[in-house]
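Which chain is which? They are A, B and C, in the order written, and residues in each are numbered from 1.
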């Protein structure tokens, strides 16, 4: 398949009635919005002063004569949009990108990854065929420190051969995970052990490098995060959030889930949030954060000589970016891919949408 | 719809005979080319010295025996290419991105934006269905200064609900324009008033954040430019040009128009032109300027710590870049997206093509 | 055609049996892998210590009970993958991007470029219709020095008109190569002479600027490299490699060839390799190098004020990037576009894949 293959995401877009459910979101958002009213002086921006007919959102709404039929159609569309947002963050079966604690064996950090075919729920009611490490999409999050001795035991329970490439790590060649170049493929039923001393720090990934269009597209991917021996100023964040961007077979997803099943980032006013973007898909995704800017300080795990600021960060397949957000603006802030069909249809928000919630 | 949706631009590509019309272009270009002949010493480049059979273009053309049938087909293709260029800049009905003067009410800058469904002419004879602010695509250009108190009164005359998000402004949450998160949707026939003190400077945008794939795709977008309280060296340009890139429902456009109806930038030799790129589409557009380079000094309204130079600037959806061009090379310079099918077919140039004309 | 046109690359993907042939690759790779075993202490990374059942690749393989039918299907897939890699670098007819020595006429460097329609082999057995300069895709590589007086004689043997634009060079307008703006089109059978003093240094391109979606897509493109008058530290590389990225009519290619007919870069341990990426296609290509990072020091021929490091470099159409790789990690390293369908299918690697081979 080509990079231009249409994502199944929209085909799966269903009536928002399905998504109606009790959700913590309204409560959280309500709390934040209330906080805005009393807490605007805490932030650099000046509070809005609605001029007339204030409603609960703080804006000024004025009634005009409406066209009845247009209003009915608009109401139906709005109802679906509202249902989607009320459902956020929706519960689904399975959660990917969960921190995997190593076993320590004679000073070596040992991680076991089992690849298998599973069913994966991306958003309520939408189950897709997946290949997964330890039944998670993305696979378990691996965190180690530069200089660590690490052993990764891959067990292949898939119906096809596989191998793991540690994308961004400058390993010895035999551990690079490319079948027929650096190792034989790991056949169905077999295991393979990778072992190395972690050479470089930063935000990296691991994923299949065999029949990879299918295998990575189906979910054989995860975050491989290497702390440096000495932490820099930028590394000291209050929250360290990994955000795996994906498209293709599973639709438009963050960490394996589509809106409204994506997970918000929740921070307190004044906290610093580090976000580690990584794109495991086939398309660019320009990530747009509302309300605050991002300071980009690392590319592919390498510290930038001159960090720069933005609110829309274009992340291409295989790239990783580390950014810091100073959470100085309270509220619930939309955070989404700015290729709009990756984020919204006339049925409401979908796919690559989440929120950064800054609690006052 | 997906980001890979085929643009209607080429489908609309019609015989160039339609575009034949009296145009100022030939005159301007002729003047510039003549100026090149006598003025090359003014520029950093050395004039060409054609070696034989000089024609009016300054190059050296030599005749060879041609294949008659190939020549006839080539002539017909060339005729269409020439007609397109002679038609540039072609007249169309409607002009977007026009500066909107505020009313000043008790020290507040008040802007009124009315959203409605209109017909929009992108290039001569090609009319598309559009949603527009104040019947312009892009909507009116808004210019304010950091610290200004601003009121935006949105009147919704569309058949569906809408809302405005101020993309890049770090506003108080209630003014962020995301229905069901920060405000209710503005129903058909209703109005909504946004009011805020402008928190950060730079090149930003405003656009719908409701049913946005359709609404932004149909034209509900515009430039929101914030001058800093203190102007930097880079801000001091002789010409300040906004360039909204778009694709999708309306084809490939700059400021709502497709070549040959795009508008050239006209500068005098020695002037500095600031170009503010903003991408409101669904695809990247690597913008290529001929003849001179661009110095990129801001991203998403934030000054870069280390400005860099290029001749091809890749702008992703939602991104803004500010660049400076030192107009030190006289002539008419093609300026286009370098995804070639966004700029040319066998019928001639189309879509995302304009020119920077430097008059000696 | 649009930028989203499906590449014919996969349609041409044929049974790997066709590609089985004697190849130097296994020998080279084997030598490198052997070197890894004894030479790991030369590099910054620590050699892997497989824990059990070591096979020749240095990894640890353990047998488990396999599902017979899955194994058979996996074996068949693996066989095709292996055949592709064993065939690399596969021989094909024709080699593009070959250095073109100028004739020196009265101090002027004279290059002759003849455009004609040819058949071009992109990978063994796959022949495509092409337009080419001097029967090469990409056209001959041109290397000059800033300040040189250069004459390019274009002979048009195509069935349609053409012209050459020197993408990135800041030439006098009459030499810019845009028909009907800076010169008349060069008709079939005619010649046109470009002559100029080279104004700026860096990694540039030349290509058709007439009916360019077709003409550049069919192969009328090449590298135009300008050495600065004074060489910087970054310019001093042991190997200077040009890498023209392309997609579209000819499939996914590096320097006009698809894997396994792409050419590896072969360096010795400790050498510095300069890679000049240039994208002549219609899509982005995020280039991922295994095993070592790249230091990006120039964009579009302009030195960056603050070089930065990465392992995945996103190159958009029309862009050029210059990078340096310090070859400190011995082995055969995959080097490919990370839009995975541009690099692999279930039949094995394809298209935009090559290798950087670091010999210990």
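FYI, a contact is a pair of C-beta atoms (placed from the backbone, for glycine too) under 8 Å apart; a residue touches a chain by one contact, two chains touch by 3 or more.
Please read these numbers as outputs of a predicted model, since none were measured by experiment.
Copies subunit A and subunit C of the same sequence differ by a rotation of 120 degrees once their CA atoms are superposed, given in steps of 5.
By the residue-number overlap criterion, the interface of subunit A with subunit B counts as different, with under half of its numbers used by both chains. Each chain gets one centre point, the mean of its Cα atoms, and the points for subunit A and subunit B are 32 Å apart.
Multi-chain contact residues of subunit B (touching two or more other chains): 4, 283-284, 305-306, 314. Residues 1-5, 151, 155, 158-161, 165, 167-168, 170-176, 178-197, 199, 209-214, 216-217, 282-284, 299-302, 304-306, 314, 316-320 of subunit C are the ones that touch subunit B when the two sit in their complex.
The touching residues of subunit B, counted against subunit C in their complex, run 4, 6-7, 10, 29, 32-33, 36-37, 40, 43-52, 55, 57-67, 70-71, 73-75, 77-78, 81-82, 85-86, 283-284, 286, 288, 290-293, 305-312, 314, 329-334, 338-346, 355.
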